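Quick heads-up: structures coming right below.
Next, two complexes with subunit A in common: one pairs it with subunit B, the other with subunit C.
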Partner chain A sequence: MVADSPDSDTQSPILSVRGLQVEFSIFEGKLRALESVDFTVAEGETLCVVGESGSGKSVTARSILNMVPPPGKITRGEILLRRETGETVDILAQKPRGKAMRGIRGNDIGMVFQEPMASLSPVHTIGSIFIEAVQAHRKVGRAEAREMAIAAMADMGIPKPAQRIDYYPFQLSGGMRQRAMIAIALANRPRLLIADEPTTALDVTTQANVLDLMIDIQDSTKMALLFITHDLGVVAEIAHNVVVMYLGRIVESGTVHEIFEDARHPYTQALLRSIPGTPLSESGGLYTIKGSIPSRGRRPQGCPFHPRCDQAVAGVCDVEAPPLRRLRGNRTYVCHLPLELKG
Partner chain B sequence: MAIYIFKRILLMIPTLILVSMIAFAIIQAPPGDFLTTLMSGEAGETVDVVQIEAMRARYGLDQPIWVQYWKWISGIVFHGDFGESFEWKRPVNELIWDRFGLTVLISSITLVFIWVVSIPIGIYSATNKYSAGDYVFTVFGFIGLAIPNFLLALVLMYISFQYFGQSVGGLFSPAFVQAPWSFARVGDLLAHLWLPVIIIGTAGTASLIRIMRANLLDELPKPYVEAARARGLSEFRIRVKYPVRIALNPLVSALAWVFPALVSGDAITSIVLNLQTTGPLLYRALQSQDMYLAGSLILILSVLTVIGTLLSDLLLAWLDPRLRAEV
Partner chain C sequence: MTVQEEPQDLLRVRNLSMSFALSKGFLGRVHSTVDANADVSFTVKESETLSVVGESGCGKTTLGRCIVGMYRPTGGSVEFRGEDGRFVDLVPLSTAEMKPYRSQIRMIFQDPFSSLNPRMSVLELIGEPLRIQRGMSGRPLEDRVVELLERVGLPGSYAQRYPHAFSGGERQRIGIARALALNPRLVVADECVSALDVSIQAQVLNLLGEIQKEFGIAYLFISHDLTVVRHISDRVAVMYAGTLVELADVKALFDRPMHPYTQALLSAAPRPVPGARGKSRRIRLEGEVADLANKPSGCLFHPRCRHARDRCKVDAPALRAMPDGRTVACHFAEEIAQTPASDV
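Now for the complex of A and B:
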């Protein structure tokens, strides 16, 4: 089930995100959507970002393309991208609307969005969107780009691609739309693909097909894949490494094995208990996390998770921010547990 | 698409029949028949009794109403005969076509003027929301909406006379009024045309700027815009190819009502400016109960509206593949 994991400790990463902080200026003041977000993705690696909705997964994805929508602003951090030439650029040092940044989007980094229908212009054919994506980054004639589009659609398992590229999005099924969307995101053979909940809007069977497809592509292209989801079942199927987010922070990270077999953070443990088929849910019965994510701007004191945490220690968790614990390399979690007995 | 067009044209037929009935009802609306009006000798002229009897027969006035309607409409459809204007004592036909030509000319140019001015400004205002420029255009827009046409007409006439030395009123300089068509006459027409175009078009421009701005503000945050940005397209290209195009749809649907609105909107302006368009003619015909003339004008305006609707529907279907598929 779990693909063998390339060791991201030794391989130099394609993407490394360091100390990323994003704030939204809203009516009530500044809302910190991301804080101290750190992770790396290496060639051939699938990194899954998990967390309930509102935990900052999409903002993270948009930060990597330097296109956080207003009123959001990246206020701190660096995002280093190793390009095909071997040079490393700091994405956050580029002008968001500048030419250099545009040369990275859709070229070095491809992105697939959650809603295939809403993310495709309703009045353009799949082919015209694909051709435009190719021509934005390389000098290719229309006819040649069209051939590329047909080949790419065929690679995505879309039947009758030569016909389908002239379809409008509404003429395709949800699964076909998402396949087309993936084909477009891969048009320029990016070295990193970001997929923001790409299967959430699809029914279960289609979801499984699209997931298999992504695994295949990743196997054959060796690109890095940053896969965002709130579904741990999906994580188990495709991830090499996992980061778990809660309220804009990474609360735990590790290999998929470590996360599923040896979760340290109570939030991760709660997530695992809430899906069937994991050691934690087998032992204790299916479980739902109590409470819900606090409304925006109302970050609890101390550990942000403490109002919902069933292991919270009164007087500690609600007062002091928990420390980052680094077990080895990328294996980290942020929690007061286990409490060290102080004198 | 061909099937769609065919269906739409087929659908027009019942609409047109209904429209013609309404126009006929308007002709019939004044009490008594018009011959009575004629005989009452409003203008103080004597009327030939023989002539009156001839007209009574021609319009079927002593027959049931549907026969009258049929005589009227079949005359128009099969012989292009719109009847007689009592006031002008001439066939309606001779009176209206020159004026329709001018009306269509002024209205079309005004429409183009409105679009050319309001679309770029609307795009600018939406993409630079709350900027100084946006506020300036907003203020101008509200002033444009608030000033009545006749006032604008008087002010601009004063300006054009005072500073450009143009003859006031009309569409031609005195030297060209009766002259045959020539390049010089067309040039003279164009030199006079800007005035009514601005006057008639100002309110429409102001409201279209608001519509365009609001539409675009709706489209800009949509996921497909973000997805295009994530593909590395330039902001300009993203806007032109996607949201602006979609934001244009409501403008195209506006085609259907913009045209008659322009035609009626120009009535007062035309009276002030002394333009030979249909507006003042219709106004005068309604005042003097010159019913065949009024009915014909209303009928033709209605038909133009129906055609405008058809055109805008076809354009919309061409712009938006989803509509095409629905039929």
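Now for the complex of A and C:
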């Protein structure tokens, strides 16, 4: 399924995120949810963002939409979006509730969330949500928008679309609801689709169908896909490129093959060894990462991963923040290892 | 507990059925029912891990709950081998009669955030079954709780704390310690690692494995995660729409699934190896899982089965034993197993 990966070095990216930093003001002080997050997504590329809870995956998605929920605030960085006209806008320079931003959300950038029941209005039919999404950005009549909705539902493989668009979200099964959500997200043919754990709540057979569908749409529209997940199986299947996040920072990035077959960061290596069935996982017991993810605001000194890292070097990893190592292009990792001899 | 030379049956489930009333009319008369489990039969052997897999709504949770006695099945029997070696049917037992078996069959729940009472300290949570079943209190109770905490890899000092102070993985360990407190012989684990992050999931899976080796516990491991099931199980039961469609040794099942639903299910599971599987090798399942309140005739899977023939529409297949010891509920299993999954 993974075709030749579009090389985002040579193509100008649709989205480029530079030095993104997000802070949440809480009672105890400022909590940094994201720090120095850099990545790009090119046309036709699928970038998977992988991480465990608290890694900042979802805040990253929200930042791109300029929808970081309070008390969160984007404090640094730029998010450049290349629009269809060729002009590049900095999303962070727009007012979050301004007209420009509303013109981008749902139009240039589509979004799909994990739990469609929580993100689709329960008091509107699927059809009326779709029609509203279309009419918010384009001058089309209601009848025409309705026809578009029926066609879009049919494209998603929803049986009896003309009947089902008059259903309320609760009347659809989980898989169908998620397909309807994707149809709505794609209503205005966005150039970038952000999907935050879109298949996590679905059964495997439904998940497989929804993933196929998203890939098919990408193949025909050259849409860029930013796919957020914790499921490494899904990543292996759909990603061209991968970024791995831990406690609000990207710890490693590369192509899907580089990440799965030549992981450099101890966290990535440990993740791949701790799930069954990867090239790195062990045949006997599963490798376990010691300890647990630190709770919010308890960010360790030095390298944030060092208390759980079995390769940590005392006096280095627990003191200094690790450097960003750039191997080539987008292949990076943030780690002290291998230690260079000084002097 | 005596050590057996050969693994004996610990639990025999026979023709288990569980129906729920969908709507009740005047005077509570039941108008329609939904069969969450229909005619399910299998055995769990001493110290083995039998996994039950299937998609949401297939009845795997209901099955687990019938076995631990949270639901009273509407038909069939759940026979458990007591310490004296005799099998006792748990279904007709009253609450009082059930009490000795409750200590031998324990459960670990899915969501570590909702399955622990937030107003109880860890000492109370883990100590509760010991207090009720063994009448323990005071110092001996505390000592046993600390011992259990240490066994699941938590410091004994946690005993005085409350669940809110713990992460998901730690809570799940508390749930495991609570299940272990009475030295059970069978533990029903319902999606017990699904809510955990992958790095924590591995810790819990390994812990379950160690405990099994040490205490000889049998697990009925209910899960939808096929990679985890493949890793942890001795045997696997596949359920579809409330019925058992295939039961086989883990290797046999994953190497050569015989039921068309098992084939489709396995082919859909994402594998964490880049480029390992293309779309072409996947068996697409069209349509929706059978509506349990309005079941299709014949084989429940026939409307979605790519091998379905006329016979499947009228004749419901029974579980049949195959030469390799597995059981499959399909009229054409031998023939279908010859068709490689990729040959679609």
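Convention: the second predicted complex is superposed on the first by the 336 of 343 C-alpha atoms of A that agree within 3 Å, B and C clash if a C-alpha of one lies under 4 Å from a C-alpha of the other, contacts with A are read in each partner's own complex, and residues count from 1 in each chain.
Basically, a contact is a pair of C-beta atoms (placed from the backbone, for glycine too) under 8 Å apart; a residue touches a chain by one contact, two chains touch by 3 or more.
Predicted model only: the values in this text are computed from it and were never measured.
Partners subunit B and subunit C fit side by side in the overlay (superposition on subunit A).
Among subunit B and subunit C, the chain that touches a larger number of residues in subunit A is C. Contact with subunit C, but none with subunit B, is seen for A:276 once the two complexes are overlaid on the shared chain.
Once the two complexes are laid over each other on the shared chain, residue contacts for A:105 go to subunit B alone; subunit C is not touched. Judged by the touch definition given at the top, the superposed model places A:209 against subunit C, while subunit B stays out of reach. Judged by the touch definition given at the top, the superposed model places A:237 against subunit C, while subunit B stays out of reach. When both complexes are overlaid on chain A, the residue A:132 reaches subunit B alone and has no touch with subunit C.
With both structures placed on the common chain, the touch criterion links A:171 to subunit B but leaves subunit C unconnected. Once the two complexes are laid over each other on the shared chain, residue contacts for A:123 go to subunit B alone; subunit C is not touched. Least inter-chain distance for subunit B and subunit C in the combined superposition, rounded to the nearest angstrom, is 10, based on C-alpha atoms. Residue ranges of subunit B in contact with subunit A, taken from their complex: 221-224, 226-235, 241-242, 245-246, 319-322, 325.
By the touch criterion stated above, subunit C contacts subunit A in their complex at residues 55-56, 167-170, 197-203, 205-206, 209, 224, 226-228, 230-231, 264-265, 267-279, 282, 284-285, 287-288. Only residues 65, 67, 69, 97, 102-107, 110-111, 113, 115, 118-124, 132-133, 136-137, 168, 170-171, 181, 184-185 of subunit A touch subunit B when the two sit together in their complex. Residues 1-2, 52-53, 159, 173-176, 203-209, 211-212, 215, 230-237, 239, 256-257, 260-261, 270-272, 274-279, 285-289, 292-293, 295, 308 of subunit A are the ones that touch subunit C when the two sit in their complex.
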